[in-house]
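Next, two complexes with chain A in common: one pairs it with chain B, the other with chain C.
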Partner chain A sequence: MAEQIPLIEARHLSKHFISKSHRLGGDKLIVKAVNDVSFDIMKNETLGLVGESGCGKSTTGRLLIRLLEPTSGSIIYDGRDIAQYSNREIRGVRKELQIIFQDPFSSLNPRMTCLDIITEPLLIHTKMSRTERTEAGYELLNYVGLPKQYALRFPHEFSGGQRQRIGIARALALKPKFIVCDEPVSALDVSVQSQVLNLIVKLQEEFNLTYLFIAHGLNVVKYISDRVGVMYLGSIMEMAGSEEIYEKPLHPYTQSLISAIPDTDVENKRQRVILEGDVPSPTNLPSGCPFHTRCRFCKKECSEAKPELKEVSPGHQVACLLYE
Partner chain B sequence: MGKLLEVKNLTTQFKVDKTKIIKAVDNSSFYIDEGETLAIVGESGSGKSVTALSVMQLVPDPPGKIAGGEILFQGKDLLKYSKEEMRAVRGGDISMIFQEPMTSLNPVFTIGRQLTESIMLHLKLNKRDAEDRAVEFLRKLQIPDPVRRMKTYPHQHSGGMRQRVMICMALSCNPKLLIADEPTTALDVTIQAQILNLIVKLRDEEKTAVMFITHDLGVVADVAHRAIVMYAGSIMEMGPVREMFRNPLHPYTQGLLGAIPRLSTPRGQKLYTIPGIVPDLSQLPKGCPFCTRCDQCMDVCHQKKPPLRRLEDGREVRCFKIERGEEIG
Partner chain C sequence: MAKYILKRLLLAIPVVLGIVTIVFILMRIFSPNPAYLLLGQRASADRAAALTEHLGLNEPIWKQYIIYLKQMLTGDLGTSLFSQEPVLKELLSRMPATIELALFAVIIGSVVGIALGVICAVHQNSWLDRICQVGGLVGVSMPRFWLGFMLMLAFAVNLKWLPPSGRFNFLVRPTEITGFYIIDSIITGNWPALWSTLKYMLLPGFCIAIGSIGSIMRYTRSTMLETIRQDYIRTARAKGLSERVVILSHALKNAMIPIVTVIGMELGGLFSGSVLTETVFAWPGVGKYIVDGINNSDYAVVQGGCMLVALISVVMNLLVDLLYGTLDPRIRY
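After this line comes the complex of A and B, so read on.
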């Protein structure tokens, strides 16, 4: 069970990328990937992050563990603001902050054996001897349910689910406190997804881990998270307990997102709220509420000022003028 | 309603190296009624796309080959058609939407030109009428400003918009059968909901039959009347979606449904897992293709492949556990 002490506090966090326009000699474009988001992740909690492609989920995850430098804002981790840490200072906390990537195929070095991949972080970040590292490596294999005899095989000899286990073992090597799980099961076959999900849940209990769990599959996020945040165009629109947000979604965007989930429950078919149009470009954000261009309840004020994320009932926050 | 498409004992194989031949589709039989939507579900590599490509006769040859069977469309065997005749069927009576719309839209022609030419060819309309029909369909697909869109190129549109143009192209020629191969897999959920909604609406208006391929059982529950579950090239179970999801008969179907968290699954409840991984088609076990991963496996399952049985209520299943019904292949 999650404790009520924050492990990570993100405050007014933003990340803007500069990217060149496709046209020759074109202007520089600013991609506003994450815009002024603030939230806490409690110790031992799983916070789910959902939203459509390009809404800034991965960028948020990478900021939290400082794989990216924020444009502005602060990240309080365990009492320290790591937002402006230099590369050297980050190395000091790197052990505690890890990530599991979506694509188990490209995230592993094809020329390294499974054991070397898993123990590489130990080589970089600890003074352990080779024997100690090997021993730790075998223990990690055991934790993630990979047979010992796989240790000296190369990534291409493994299936997708097995590779994802290698990625998880590697993330665990330094005994981290916090892991960003960036779509860890999206690339896997259905029959293998649940194996990996069960493993992620089991490891959290065993090692008191705190997770940020990013996924497209909203059923998966609901199943695995204590709380869920909904992102749209770089902003958090709503955040609440996972049961609450699926049962009583408040934001019009959350309502349509949840109604759009394909579910195998043939007995309880839900009413769809179909959204019109496409997501606007993050290089050209709408004024005011980022969702107002597609919102069925849009009022004049919605295009004027961006609503803040506000608590409307205990533990349930929403950024929408309907609830002011 | 009559059978629009009836596939009998279809086997499609690929030569994977000098000595090895794999059966991507192994002795498959199924049908689609007029106006009906049949879903084909299964994990990656189970033979869904190859089934669709076989019906369209677009299996790359070599290395692929339709090794046997019949594909009856309105009673006539498409496998006996000449190349010319088949070309007229494709995009006419049967049209197909692919997962990645860019592979089937030509980047150098405007959307309007591609739509109009296809309508002129298949519906034998003049240019003017074809253009009108194209605009009408773009409007039906809720594409804003359709007249201006006709003059744009595919790369100027988002993934969801391109997929809508593809659907427009597929449906504007008034096909009797639409084959949709993962038409929404690459899209976000809200865009997926838009597109599925449109496919269902147009299919109902035009009374088009649909073969809907997906690996997402949630999508099946939304769009299909009946479904086929494929595993390693074989049909394991077939039946009306509601009955099948309520009471799956094959251990593989049971496993798939149990492995996906439903919205109603309580947090932390351990998910059912199917042990192991999908086998390589060149190394299938001797008996039932699923026997190495099945938690209800018996001795006989390792010895021979179970026959498909037709049960009393229109369902079919390939499993030795089920002994009632009639053996059909």
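After this line comes the complex of A and C, so read on.
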């Protein structure tokens, strides 16, 4: 089980993108992808982050390792606020903060061999010689379960699962402490998903890694995470231990998500909570609770003030007026 | 690979044959009888008829065509009516001038064009980008002969910095070894000749390069903009690479395919002679040779010249296609 020391703390993190309207003379639109998000990730734990497409979970992951610059807020890593770092300083901590990307087909440079892709970080961040780097590359391939003789192949010569293994080897090359897994298995066949997930779990134990695991498949997140956060429209709605959140979801949005998990048990007649309407546009957020436009329990106050994420039982936080 | 090259070369035969045929027919239809050009407008009809007969031009066209093809198969492109020299020999002696100018222009065009294109893509929509885009458009669309005259007027006539036309100064001409004057003057250590050669090359070279810069820059910019948004560029940033390495070694390398295509096309066009520029600057290359041939109704010259142009285009296209294989490991022949 995870130690209870935070490795990364996000405080009031926000990211707003400016998008120009395509019409001539159109107004600038501000897409509020992430709004005032605060949470901790403990050492050696896996924090799962779930939510619909476009809810800001990938943006949150990229903010944490500073692939994106936050609009406001701070990210405390190892006692330092890396949100304020310049690009040069960021490259200094880059080897400790890594990411595994979602799409293994487009995220590997088609002109580099597998070995070059995974050893390039070593070329920049270490003073290893060429042979040392190659040795390290073979070792990484071994960790992720790819045969050594594949080292000189190009990405297009691999299958999806193999490419994702290359992506994982690349992220591991610098022995990072924290890895953002940005939907690492959603582009893979179901049969390959579990292999890659098992690999991710195995590597965590072996290298004492801390993960932020982003996914939209709830089953996957439950399997891999210690705690789970649920995001909706750029805000975290609920956060709890992964058993707890599946057994006792508190937030109406979480309840509807959990009820949507497909079940093979015919006898188990669950109450499906079906949401009505669409997700509001992130350029024009609803006032108050972001979820109030679709909530079954919506009260008048819900549209007035945004509820804060509050602890309702030990380790279980929820942002909903129903529990105040 | 060898099989692929052979296949492509075999496919080139109908292309070259087709062009030779079209040029052959067009010359017979639209060019005046060269006998009058050789003898002068006031030559008597008898003499003109005798010369026509002597040149074999009173035979039916299809017969002339077959004779020409037979000659061509033996490597004989005929004889120029005016210089009485074999066309092949004259073409080959003019190739170095054309190739030297083309390489000079394309090297300037590629270096400046790619550099500006990358800068524009990285700073998309900045004032520099806008200026370059407008400038590039002007460069591409400006007629080269007009630009040639303007350059000549500015730098040769008014400022007197550079010679207006020609390829060499008789006083400091390098000894011809390869025919490429820059190489010749370096081999022989003739530095005044090198300096003079470069001065002669500067105006026609820039006249061509300005158009190349425009098109290469615009292609580089648009493919770079596309490549920069690829996921693997994000991966490269996640590795902690500096922005310079991300742009130059990850993005630019992947953007090279369309850029190489444009450069190859420019080079193919220029190797066969930049007809307008060579004529304006009296550059003794293949382009000017063909134009002179057209003016003189010199059938063999125009036919031979056009065949060479076609051959060069085909070979350049093949070279570009082969280059793709080294640029993109997904392409195999």
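Just so it is clear, the second predicted complex is superposed on the first by the 318 of 324 C-alpha atoms of A that agree within 3 Å, B and C clash if a C-alpha of one lies under 4 Å from a C-alpha of the other, contacts with A are read in each partner's own complex, and residues count from 1 in each chain.
Throughout what follows, a contact is a pair of C-beta atoms (placed from the backbone, for glycine too) under 8 Å apart; a residue touches a chain by one contact, two chains touch by 3 or more.
In this text the structure is predicted, and so the values were computed from the model without any measurement.
Undergrad: On chain A, do chain B and chain C fit together or clash when superposed?
TA: These partners fit in the superposed model.
Undergrad: Return first, second, both or neither, reflecting whether A:L197 touches chain B, chain C, both chains, or no partner chain.
TA: First partner only.
Undergrad: Regarding the shared-chain residue A:S159, is it in contact with chain B (first), chain C (second), both, or neither?
TA: First partner only, chain B.
Undergrad: If we overlay the two complexes on their shared chain A, which of chain B and chain C does A:F17 touch? Say first, second, both or neither.
TA: In the superposition, A:F17 contacts neither chain B nor chain C.
Undergrad: Using the superposed model, give me the angle at chain A's CA centre between the CA centres of chain B and chain C, as a multiple of 10 °.
TA: 80
Undergrad: I want to verify the contact counts: of chain B and chain C, which reaches more residues of chain A?
TA: B
Undergrad: Determine, under the contact definition given at the top, whether A:F101 touches first (chain B), second (chain C), both, or neither.
TA: Second partner only.
Undergrad: Considering only the touch criterion stated at the top, classify A:R170 as touching first (chain B), second (chain C), both, or neither.
TA: second
Undergrad: Let me test your reading of the model: by the given contact rule, A:E276 touches which partner, first (chain B), second (chain C), both or neither?
TA: It touches chain B, and chain C stays clear.
Undergrad: On the overlay, how many Å separate the closest CA atoms of chain B and chain C?
TA: 16
Undergrad: Using the superposition described at the top, list the residues of chain A that contact chain B and also contact chain C.
TA: none
Undergrad: What does chain B use to touch chain A in their complex?
TA: Those residues of chain B that touch chain A are 43-44, 142, 144, 158, 160-161, 188-194, 197, 215-222, 241-242, 245-246, 255-265, 267-268, 270-275, 277-278, 293.
Undergrad: So in the complex, which bits of chain A are touching chain B?
TA: Touch residues, chain A against chain B: 52-53, 159, 161-162, 189-195, 197-198, 201, 216, 218-220, 222-226, 242-243, 246, 256-257, 259-269, 272, 274-279.
Undergrad: Quick check on the complex: what are the chain C residues that touch chain A?
TA: 230-232, 234-243, 245, 250, 253-254, 327-330
Undergrad: Sort out for me which residues of chain A touch chain C in the complex.
TA: Residues 65, 67, 87, 90-91, 94-95, 98-99, 101, 103, 106-111, 113, 120-121, 124-125, 154, 156, 167, 170-171, 174 of chain A touch chain C in their complex.
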